[in-house]
Amino acid sequence: MTAPGQEPTPPRQRRPPPDAPTGGLTSGDLTPAGLAPAGLAPAGLAGASAGPGSEIVIEAERVRKTFVQRRRIAGQRLRRERIDVHAVRDVSFTVRAGEIIGYLGPNGAGKSTTIKMLIGVLTPSAGRLRVAGLDPAHQRIALARRIGVVFGQRSTLWWDLPLRDSFELVRHLYRVPPGQFRANLARFVEMLDLGPFLDTPVRQLSLGQRMRGDLTAAFLHDPSIVYLDEPTIGLDVVSKAAVRAFLAEKNREQATTIMLTTHDTADIEQLCQRVLVIDHGRLGFDGDLATLRERLGGERTLVVDLAAPMPPLTVATPGAHVIRVDGPRQWLAFPARASAAPLVAEIAARYPLVDLAIREPPIEDVITRLYTTGPEPRPAAEPAAN
Amino acid sequence: MTVAAAAHPPGALAELRGWVAVAAASARANVAYRATVAASVLSNVTLTVLRGYLALAVWEAQPGLAGYDTRRAVTFVVLGQALMTTFAAFGGMIDVPGRVENGGIVIDVARPFGFLRWWLAREIGRAAVFLVSRAVPAGAVGVALFGVVLPASGAAAAGFAVSLVFALLVSFGIRYLVALTAFWVTDARGTLAVSSLTMTFFSGAVLPLTIFPGAFGEVARVLPFGAIVQVPMDIYLRPAGGTGIGQALAFQAAWALVLLGASGLLTRLALRRVVTQGG
Amino acid sequence: MASGKTGPVAGVRRVREARGVRGDRGAGAVRGVRGIGGLLRAEARAYMLLVRVAFREAAQYRTSLALRSLTEAAATVLDLAAIGIVFAHLSALEGFSLAEVAFLYGTSALAFALAEAFVGPVDRLGWHIRDGRFDVVLIRPVSVLVQTATMAFSPQRVARVAQPAVIVVVSCLALHVHWTPDRVLLVPAMVLCGAVLAASAFVATAAVLFVAPDATVAVAASTQGSALAARYPMTVYGHHLALLLTVVLPIGFVSWLPALHVLSRPDPLGLPTALRFASPLVAAVAVGLAALAWRAGVRRYRSTGS
């Protein structure tokens, strides 16, 4: 099961979650990576390099899904028109064993539709799909044994049965050998803290408890690929952290390939080595997060603490300017693509510098920018980075 | 819904507009899928034809059974089938249990349009669609194939029209009360099954209630279920100069009143204990 | 509540354990070689497992289960009463004696009840699709048909077989028929073929729900219609309709045509005698067509936007 060459990726998780309270200068968004020369991806972030040379497990080639929707014509009571909704258009990408892929996009972009095609729930209207060497729509059952699926909005558990019974059933349906089942269940129950709920009927579980149950069910048969469609939707901070830690652990331990859609930027920051961005059914970006940030430009912020309050600094470094002053602390914006080194050097030389920090543009900003610039003419719109 | 957003016209007018909006939305939802409507019309016509022929054969073998001659019997069966679908004599169709299960009930309760009213208005919309799309084609086929008789007098025709309104109210009342049990039992399938069976059997849709012998028949004829199919058909088939139309309508009206009153009361109790499941 | 160790699921587990821990890796190819027999066995096992689960789920709601069981019993009684009331007033229908009509009624009702017991819940498919519960069915490694046929499986539907079975037995005793071996054999054979035909009809019509998930009522009505049509002598429906119901829609093959042989009657429609023994063939074709329709349906499944 373990892919060759699968080294535990340097943990992205070491970064504190951005939703941790941010206080002074030494807060979470002080990124050591920010000090690296611009254009160089921080170590461990280069997702496409996870398990280099490992086998391709998902292959999508010009995949397309068109839904026919019927809508009432405005103003007319009975006439209806037929509209083709191109939920996914000519999407191509490949995924290698052991990758964690974030699949992003605004509402209605086509994320869930893509995932459903990858599972074999929906038949593509055109294009070619191979998952673990199988054609999902035609070899659905064979594929189902090798993959796990979590729908954040939809439980795969048996509503009226205790959690434990649902797991038993999964075991039989997926033909999990007893030893493997016992070991996995014990482990997952401990990791996800499910012990107290094992005998509760699923309908009485809270959303977070149920989600942890769903996660367990999806991993019991040691799938080599797991899809998660908004797994953290509606969860509190603690549950989200538990879900993320679990996914990271499974990925590290067994090189499980994970593909998740989410609207939570923290999920992406903490888990995803690589992101795919889809909008209006078209793939707009495929690469790692740092590249995404860089491509889209924007500004990074240098925060400096001076020995004493001063009027706004004047700096000669091109593009840099003060955006905020608060006592001895000042904020300077500078182009994200530029190196921070000349600016830091200049300030250190000319002013009484006590401390400094560099802040990356928040991922929210990057993504918002990506969505609002539209899918078509965009420098980042470049096929697979790997 | 558009009404809520519009400027609030005063009192009764606003109320009426609300009803119209909800009923219209429900009617639209019921014609939303044309293939579905077509399939339903077709299957309903087929059932009508089959049951019509069957009645014809039975009454030819045994003329005068249950007090009907052959043409009246076929009329009863054919129109009864149409009424049965329009007024959902087989129960269900009010999806309170589903809403309780999927948590949507919270939204229904929060709506600024009474809970009972909401479901009744929806039923009116649905029944209107069913009347046009299921009952009328089936009735037309009945006229063409079996020579269904027409009401003997204007009074019978008018009485029949009024009785349809009461039939809907009675049918709604029963089904709504049953649907409300979902607030108390986690699984309403049991109560639904019981009600479905009782309603179908005692509405007159399976067999005319006049065929039931003795005390069993007596009881069957005072239960509210008969108001859905048997009573309207009685009025329809009343011979010229026949009396008792007013009495039949009063019977329906009384049950409608009782059931809607009970519905109102039970609604208040039910909403006090909105329990939703899951998250 | 029973723990995971003793539940009905445990029985299946024992079976699996007895077969040894066989790694699933690379088993795909092996399974292919074992062919259709192995596949059917696997599906049957999954079917039984899911039926047990459904029983268990039903047992979670005791009041409801009790009510439904009671209703089922009451329905049987009322149904019998309705038949009784009609038959009490009839001595013959379309030239068929009461016992003969009862035989037709019983055999076709039994065939439909058996089909209902096995695949009845497929007509609920539309509901599952509409609430978006159906995506989950498609992610499990079990065939869609098996899962659909066992979703909301109600234990009582099995009991529904009893009433028509009683009618068959009683009518056979009342019939004035010379029971030659071929006639005796034909009775169970026609019920079996009829059940297969009815099940195919259920599945094929339910496949429509993949495209029109709101058509549940129409689909239920069409199965109800075919059950109704099969129950009485075909001649009740007039010559043309009877031909339509026998030759075009194979409803006549459920019990009418084979029953004509059992009752040794000439065919009022004048169809060839050979057709009376054609039910197995017709049933086989129906299974094939139903499978095609079902597959086409699954492929057209469009999920819900969520």
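To keep things simple, chains are lettered A, B and C as they appear, and every chain counts its residues starting from 1.
Following the convention adopted for this analysis, a contact is a pair of C-beta atoms (placed from the backbone, for glycine too) under 8 Å apart; a residue touches a chain by one contact, two chains touch by 3 or more.
As the structure is a computational prediction, the values presented were derived from the model and not from experiment.
Using mean Cα coordinates as chain centres, the one most removed from subunit A is B.
Overall, the chain located most centrally, as judged by its C-alpha mean against the mean of all protein C-alpha atoms, is C.
Centroids of subunit A and subunit C (each the mean of its C-alpha atoms) stand 47 Å apart. Computed centre separation for the pair subunit B/subunit C is 29 angstrom, with centres defined by C-alpha atoms. Once the centre of each chain is set as its mean CA position, subunit A and subunit B turn out to be 52 Å apart.
Listed for subunit C are residues 60-61, each touching two or more other chains. Contact with two or more other chains is made by residues 159 of subunit A. Note for the complex: subunit C touches subunit A at residues 1, 3-4, 7, 9, 12-13, 16-17, 21, 23-24, 28, 46, 49, 53, 56-57, 60-61, 132-133, 135-136, 138-143, 299-303, 305-306.
Contact residues of subunit C toward subunit B in the complex are 60-61, 63-68, 70-72, 74-75, 78, 82, 85-86, 89-94, 131, 154, 208, 211-212, 214-215, 217-219, 221-222, 224-225, 228-229, 232, 236-238, 241. Those residues of subunit A lying in contact with subunit C across their complex are 67, 108, 112-113, 116, 119-123, 137, 140-142, 144-145, 147, 149, 151, 153-156, 158-162, 164-165, 167-169, 171-175, 177-179, 199, 201.
Contact residues of subunit B toward subunit C in the complex are 32-33, 35-36, 39-40, 42-44, 46-47, 49-51, 53-54, 56-58, 61-62, 65, 98, 102, 185-191, 193-194, 197, 201, 206-207, 211-213.
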